[in-house]
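I have a structure here, written as structure tokens, and I will follow up with some questions on it.
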Amino acid sequence: MPIPHYLHTKSIHPSSKMKMIHVLFLFALVSFTSHASVNDFCVADLKGPDSPSGYQCKPPNTVTVDDFVFSGFVAGNTTNTFNAALTSAFVTDFPGVNGLGVSVARLDIAKGGSIPMHTHPAATELLIMVEGQITAGFMTPTALYTKTLKPGDIMVFPQGQLHFQVNSGNGKATAFLAFSSANPGAQLLDLLLFGNTLPSDLVAQTTFLDVAQVKKVKARFGGRG
Amino acid sequence: MPIPHYLHTKSIHPSSKMKMIHVLFLFALVSFTSHASVNDFCVADLKGPDSPSGYQCKPPNTVTVDDFVFSGFVAGNTTNTFNAALTSAFVTDFPGVNGLGVSVARLDIAKGGSIPMHTHPAATELLIMVEGQITAGFMTPTALYTKTLKPGDIMVFPQGQLHFQVNSGNGKATAFLAFSSANPGAQLLDLLLFGNTLPSDLVAQTTFLDVAQVKKVKARFGGRG
Amino acid sequence: MPIPHYLHTKSIHPSSKMKMIHVLFLFALVSFTSHASVNDFCVADLKGPDSPSGYQCKPPNTVTVDDFVFSGFVAGNTTNTFNAALTSAFVTDFPGVNGLGVSVARLDIAKGGSIPMHTHPAATELLIMVEGQITAGFMTPTALYTKTLKPGDIMVFPQGQLHFQVNSGNGKATAFLAFSSANPGAQLLDLLLFGNTLPSDLVAQTTFLDVAQVKKVKARFGGRG
Amino acid sequence: MPIPHYLHTKSIHPSSKMKMIHVLFLFALVSFTSHASVNDFCVADLKGPDSPSGYQCKPPNTVTVDDFVFSGFVAGNTTNTFNAALTSAFVTDFPGVNGLGVSVARLDIAKGGSIPMHTHPAATELLIMVEGQITAGFMTPTALYTKTLKPGDIMVFPQGQLHFQVNSGNGKATAFLAFSSANPGAQLLDLLLFGNTLPSDLVAQTTFLDVAQVKKVKARFGGRG
Amino acid sequence: MPIPHYLHTKSIHPSSKMKMIHVLFLFALVSFTSHASVNDFCVADLKGPDSPSGYQCKPPNTVTVDDFVFSGFVAGNTTNTFNAALTSAFVTDFPGVNGLGVSVARLDIAKGGSIPMHTHPAATELLIMVEGQITAGFMTPTALYTKTLKPGDIMVFPQGQLHFQVNSGNGKATAFLAFSSANPGAQLLDLLLFGNTLPSDLVAQTTFLDVAQVKKVKARFGGRG
Amino acid sequence: MPIPHYLHTKSIHPSSKMKMIHVLFLFALVSFTSHASVNDFCVADLKGPDSPSGYQCKPPNTVTVDDFVFSGFVAGNTTNTFNAALTSAFVTDFPGVNGLGVSVARLDIAKGGSIPMHTHPAATELLIMVEGQITAGFMTPTALYTKTLKPGDIMVFPQGQLHFQVNSGNGKATAFLAFSSANPGAQLLDLLLFGNTLPSDLVAQTTFLDVAQVKKVKARFGGRG
């Protein structure tokens, strides 16, 4: 192999040579380097407005590694009506995932607890079992897909499907969730039906539940009307 | 303006000239014409498999205008438990919309009827009032958006949101629906919760409904367990 | 079935219990509720700038049901050169459709009128016949797809295709249009060719029309040059 | 509230009534139910061809819950040159994620081991620390983002970025990875540069490495030339 | 730095060691390698059907470098009615671009020639001047964007816009075109209006051209009716 | 053919008629024209923030043809360590391509020069040979795709793949590049590995290069540590 062209200046002091080459390099390939950090990622500026594609980008020169790291992905407090907790790392918690189409959450369910029926509008959920046992499922108008999961199991809940997770084991259960969106949202069915001011008669008419039942569950979830 | 170059052959008989020019034209710009009909649309071959982006395309030379026209967008039969009918022109009804991200449906609701709570996984719905009066709405965990609509009104239900439509007028109501997907699907909440074999205890636990209520509505929607 | 865990506190006064449970619930599942209203929709802030994915979102707490409702989807005034009117509910008219990939318009064509040749750059159009009779069509370099439509018929015009609609009946005609974009645009061919300052010679050269014809139609559409 | 219309036939035997109503229901809303299971998900038919949007869908009536569940998400064998193992649940392992834009993998790194420099073409990676300690990072032409991670930490590696993970702790390390693609791929830099027949001189010229170094690492990774 | 773990087996014969390590490597990281070639690209199987996202993929083990190389990107024959030629490297010519959202074409225009008004449905075109001089432009309903271009100039024609290119120099002109689609299509306005059987009266009504003019241009482009 | 409706007012002075008709036209079809220029393109306002979908749009009334034209697509200065130059027309150079999914660059490589190994995160590159001879290639974990290209040849490098271009001819070489993104970025492998402060030991561990080699190349590319 002949001596490569880029080694032909041998008499220059190494550190000087390095700087000179580096300068030449930067000069000639400026477009490579000047743009590269602009659009390869877009860390959310959470103080600015949101848009259909996500938040505006922080200026690249203000981005640090901490924008790409989320700490506090630990067990949530399950002392509540569901005996369950969801700890999310969505874009509003974790600006580094802005525009990247993925986020995660941690699910802790105490014995006897559950994450009730809910949907993520337009996001798929993938559940990784970590500890304990969870019975999970989703339904379509013509089929039911349900399974009891143990560590080593994964289950996917396709976008927009109503689904649930119940701790069906003898101790606490933990799972990690991956979503196909930086901001998947989460809509608990009970809150949608019973946590607002939609008249009980209207809820009954559009769910085929009894009005008395509607009023009873409304009382639990803070709904009125 | 000088005589354009393409008019310089005057002595040729018109019909001959036309053919000759046409041939030259086709020869030289063959790539324009040969590809143009391939990918500007993709009419579904409903006999073949579906894919995440839609059905395979029918061979362009078998496509006719009837692939792009749907007939039968007329009032459906509302003699049923909901006093309502939905007539869809989705890709499986209407192969011309394959891959084009849009479809429509017609909604007829008799007096006193309703389209109960339902979702379209990952499709937005836009409702155009045609006749009568409909009270419609959707809910998020923190807000309720409901309105009584008359002809001249339009309402949008963003993707994946649980929503309902009730005939709140004194006669029949008709609306046209536009969707942001060629195959929006439609999931009636009652069918998801009460139309399958999900055990009543599990439904109760994940909805906070009473078991007796669950069993009662299950009987109506054909569910077991 | 054992008594569910969330029913074990019986001695508390109902309204107190409700509040306490609600607070616990909100505390533990705060990420569910706090994010849910952020990104499930993005109502356009039309005072702010547009972006390739649409307008910035209005702050969620300022959104009301009226952002999701458009009123005035009524017959337009057809007393004009086309004997036709198009009433649009695009994102700039109807901020609730921002980022949702769908919008609608209403078409009224008086007897003898038409919507001349036009395109929607990158949006598919789906036409629902409501009243009267329309002959519509679109063309590719190798095929013509044209049909006479009556109420009960739907026709789809794939994205970017040149198409037209002519009232071919004996009275007025009305149709509703659905688009696969929140802002489909609409480009009337005559305005593109004859409504600006493109020199008549250049128009003639690039359309194969006679210069005299170009000048004549330019006079009608306000073009100069 | 008046007796709802759907309760007006009281004299019919319950089980008969249920069936009759169910039949009426299915008849009137057939389009709801017949399409719902077609396109809400698309389980991969791995025996058929792939496409730019993913694999063809299995016929919906052959889909079972096991298509949505992956078992074997367990520690891989780290007795190898990297002291590391990656267990993937990508679409080719897990057909239920086809077309859904998300997949996961498990990373086990023995003490002293590492996942060397690699990229996922066009997929973002999100790493959830489960056990031990990993020092990870990615680089752009103008910046270095590196962090030592412990359980409770998450780090995101934006799409297409070169990145690495090193076990920097005193024992084994485990992490779960979420990807923004059903088939993210994974390209180890050493395999790309040194595992094929690209001539050593050419590798040297295009990496600025010494030829001797190239040949030495080629020997390790099976490259020739 | 301590001796890395992967260098601890010194007594093995180099070639044996290489093979052994290579085997271990392949065994442990099999998922990296087995999937990597599946989805990083999808070379079109042009014998199979098209789909909304492109053609099916050729089996990866049948792909060769020639699938990624197109030869024949040379000057086309401009002896035709337009004095122009377009040589395309779209997916149907060049299967390697399938699903990748980009393709190119070469434009040769003899002195006095032009590429008449045309659109690419839903694809953006970017023109790079190589030789000669071209006057190009596109129009919106409210604006005209036209420029005379020389080598060193680039012009972009946003998706779906009607545009033209005229050789305005004294010799031949050459340009390269880049498109934001693997199959942009190309629709010459004259072919759409005058190359088919759309009745001349209908063309006149929907373009505001005189019927005589329509018939005259129809004769040139092979239209009837 | 009967006299068209739009020609029935014959007694009006032509210029007056034109204005009147034009006004009527604009009045009735205002939604066509008022929206058309809003969203058919979105020229970048480079002074504003970036977002995942690109920059905010300049107000349409401030857009001129010069936003759609880039001048200076000429040979770059190849007097540098690579004997090569890349001249880019990405969105930050050329605001008219914002949101349109395409951009271009020009590559000049002096005799003996090369563009070393690099990636474009998530963008496909298509290379058009203009002058001279380039040997180019990309690698996957299981395959090598390399070819010597001459004028008339095109080669595609699928998204995110590591690739290189070497001048293998006897004179200068020029190529034009098309990308499937308005801002493809470009990441030179040497800068990623050797141009920052990543400790040499860590680089060695994650690349299997010798530490001495790492330090040597670091000196060339300005890296420390």
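Labels A, B, C, D, E and F are assigned to the chains in the order they are written; within every chain, residues are numbered from 1.
Definition applied: a contact is a pair of C-beta atoms (placed from the backbone, for glycine too) under 8 Å apart; a residue touches a chain by one contact, two chains touch by 3 or more.
Remember, it's a predicted structure, so these values are computed and weren't measured experimentally.
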Selected interface, A-D versus C-E, where C-beta contact pairs are more numerous: A-D
Over-half contact-pair match to D-E, picked out of the listed pairs C-E, A-B or A-C: A-C
Between subunit B and its twin subunit D, rotation from the CA superposition, multiple of 5 degrees: 120
Approximate Å spacing (C-alpha centroids) for the pair subunit E, subunit F: 15
Centre-of-Cα separation between subunit E and subunit B, whole angstrom: 31
Inter-centroid spacing, subunit E versus subunit A (mean Cα positions, whole Å): 37
Numbers and ranges of subunit F residues touching at least 2 other chains: 6, 32-33, 36, 40, 51-53, 121, 137, 140-141, 143, 146, 158-161, 186-188, 191, 205, 208, 220-221
Arrangement of touching chains [line / ring / star / complete / other]: other
Chains grouped in pairs wherever the two touch, ordered by label: A-B, A-C, A-D, A-F, B-C, B-D, B-E, C-E, C-F, D-E, D-F, E-F
For the subunit B and subunit D complex, residues of the former touching the latter: 49-53, 76-88, 90-93, 105, 112-113, 118, 121, 181, 183, 185-188, 191, 219-222
Complex interface listing, subunit A residues touching subunit F: 4-6, 14, 18-19, 21-22, 24-25, 27-29, 31-36, 38-40, 42, 45, 48, 51-57, 59, 98-99
Footprint of subunit C on subunit B - complex, ascending: 1, 4, 6, 32-33, 36-37, 40-41, 60, 63-66, 68-74, 89, 94, 96-97, 100-104, 124, 126, 128-130, 137-138, 140-143, 145-147, 149, 152-161, 176, 178-180, 201, 204-205, 208, 211
Of all residues in subunit C, those that touch subunit E in their complex: 114-117, 119-122, 135, 137, 139-141, 143-144, 146, 158-162, 164, 166, 186-198, 202, 205-210, 213, 216-217, 220-221
